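In the two complexes below, subunit A is the common chain; its partner is subunit B in one and subunit C in the other.
And then the complex of A and B:
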């Protein structure tokens, strides 16, 4: 009986999804919305080489603000439920090869992360990607040296300051620019250079710092709960 | 044509990894298979001309979330050893 129901549901799903496969054909030109973003006027208005970043930070900047808020909420809830206690236990020693490799790799990984979010308006990537890469460097450090203590205060203040600067810059766009998250509050510069696209690289750098600090805090919380056992 | 073959291969590998992640009895193997799904998905995103999504997927999908799964697994196990709720957890896992 149960199997019959599963079978019926499978058939229903298949008949729902089959038209998608049947009518699928690739696009040979941009969709209407993409054409609006890619037209010459709008490209010169934001002056960003990577148009995806321009869309994410200015046109759809409110979405990015929402994503950052969701990540902040997740970090806050994890910090609330996983309480850290100062009880310590002696952990298994890691091998010398792993420790040395971690010491060598962590600065390089952090530098790649910073590169990704500083060049967010020129090359693919941006704040979220750079922050995630930085957090993966932090987790390598946490795995290699489990007894090392991270400064909670530093990460928390970095996160709060970055969030405040992000919202502050966005509000500044509404006050002196054309609207909330307008990027023309700073000089637009020359197309394709590091100091171009107005406020986009500044905003994205702070988003990157915020995301990196939040993810590192989450991972650190998980680690410290391990040590409590 | 080459692109189609490569994406079909990637899709098959991803499906196989997902099946392993669901049905394997050892949790560690299942967690690693989940990470592998993320890794191959990030290659797929790269082929589909979305390098920024590929970066996110590689760092979060196959890096951070796998490690968080391992932390949680370790925590559940050490609860197991104390004998608390071990039967219930076994039932949930099965």
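And then the complex of A and C:
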């Protein structure tokens, strides 16, 4: 009976969404907004090879600021929600292979994460992706060495400092540049090189550090609560 | 070609919804939410596809002239980037609630939480 209701709801939703699929024929040209972003003089004005990064960090940078705030809020609620108690659980010993592999892989994973966010304006990638890769290195560390104590202080201060630098750079754009999050406060450089696109790589690096620290903090919270059970 | 991705997106959305409505284990419900999220992202990106367009990364000389006719729309991609991160935050929050619920009743079965049911 219950399955039938679920089925009816899904069919109703499918019939609601079907026109969307039916009227979709693929686009023949860009939307007007994207055409504005892809104009020659706008591309050279931002000087970022990756247009998605230009949209995320410069044109719609305020969205990114809100996004970082939401992530911070989620981390804060989790920290508030999962109060830690110092009680030890019995753990199965990890195998030697796993531990050695983790020791070898974590620096490489962190390096890949840093590479991804530094090159965010040139290749697919950016602060959020790089931060997530760094956090995946942290989760490997947590699985391999469950008894290791992470420094909450370090991650928290790294996160706050990067957040402050991000907002500071954005405000600097409003003071000496053309507006909030203007990337032309640093020299624009040559198109397609690492030191190009003005403040975008700097901002994205700090976003990456902030996201990495935040996600590591969340994972750490999950781990320390598990120790209770 | 553009139909394959959009249809896949819709199928993933319905798989997620089905999981949310029929599964009993809280972790599986959360996985359903994640699937729902992912499906919507795929639909959004595939809606922005422009026929014959390449990714909006101008790493070749020939892309620099007449850019607007050669690339796909970067705006929904940026939007989806935002949505993925927010989805991650929401998933982490749901998992935290699931942990709290588990420590309360020692069970992850949604049927054992009847406190608000009348």
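Convention: the second predicted complex is superposed on the first by the 213 of 229 C-alpha atoms of A that agree within 3 Å, B and C clash if a C-alpha of one lies under 4 Å from a C-alpha of the other, contacts with A are read in each partner's own complex, and residues count from 1 in each chain.
Going forward, a contact is a pair of C-beta atoms (placed from the backbone, for glycine too) under 8 Å apart; a residue touches a chain by one contact, two chains touch by 3 or more.
Everything numeric here is computed off the predicted structure, so don't read it as measured data.
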Practice task
For A:34, select first, second, both or neither according to whether it touches subunit B, subunit C, the two together, or no partner.
Solution key: second
Practice task
Based on the superposed arrangement, let me know which partner A:174 touches: subunit B (first), subunit C (second), both, or neither?
Solution key: neither
Exercise for the section: Identify the partner contact of A:26: answer first if only subunit B is touched, second if only subunit C is, both if each is, neither if none is. Expected result: second
Practice task
Pick one for A:101: touches subunit B only (first), subunit C only (second), both, or neither.
Solution key: neither
Exercise for the section: Examine A:126 and indicate which partner it touches, taking first as subunit B and second as subunit C; both and neither are also allowed. Expected result: both
Exercise for the section: Using the superposition on chain A described above, determine whether A:8 touches subunit B (first), subunit C (second), both, or neither. Expected result: neither
Practice task
Tell me which partner A:76 touches in the superposition: subunit B (first), subunit C (second), both or neither.
Solution key: neither
Practice task
Examine A:222 and indicate which partner it touches, taking first as subunit B and second as subunit C; both and neither are also allowed.
Solution key: both
Practice task
Determine, under the contact definition given at the top, whether A:64 touches first (subunit B), second (subunit C), both, or neither.
Solution key: second
Practice task
Using the superposition described at the top, list the residues of subunit A that contact subunit B and also contact subunit C.
Solution key: 52, 124, 126, 128, 132, 215, 218, 222, 225-226, 229
Completion exercise
Seen from subunit C, its contact residues with subunit A in the complex are 2-3, 6-7, 10, 13-14, 17-18, 21-22, 47-51, 53, 55-59, 64-65, 67-69, 71-75, 77-78, 81-82, 84-86, 88-90, 92-93, 95-97, 99-100, 102-103
Practice task
Please name which positions on subunit A make contact with subunit B in the complex.
Solution key: 52, 116, 124-126, 128-129, 132-133, 135-136, 139, 143, 215, 218-219, 222-223, 225-226, 229
Handout entry: Residues of subunit A defined as touching subunit C within the complex
Key = 2-3, 6, 9-10, 13-14, 17, 21, 24, 26-31, 33-35, 37-40, 43, 49-52, 54-56, 60, 63-64, 67, 70-71, 73-75, 77-78, 81-82, 122-124, 126, 128, 132, 192, 211, 215, 218, 221-222, 225-226, 228-229
Practice task
Please name which positions on subunit B make contact with subunit A in the complex.
Solution key: 51-52, 55-56, 59-60, 63-64, 67-68, 71-72, 74-75, 78
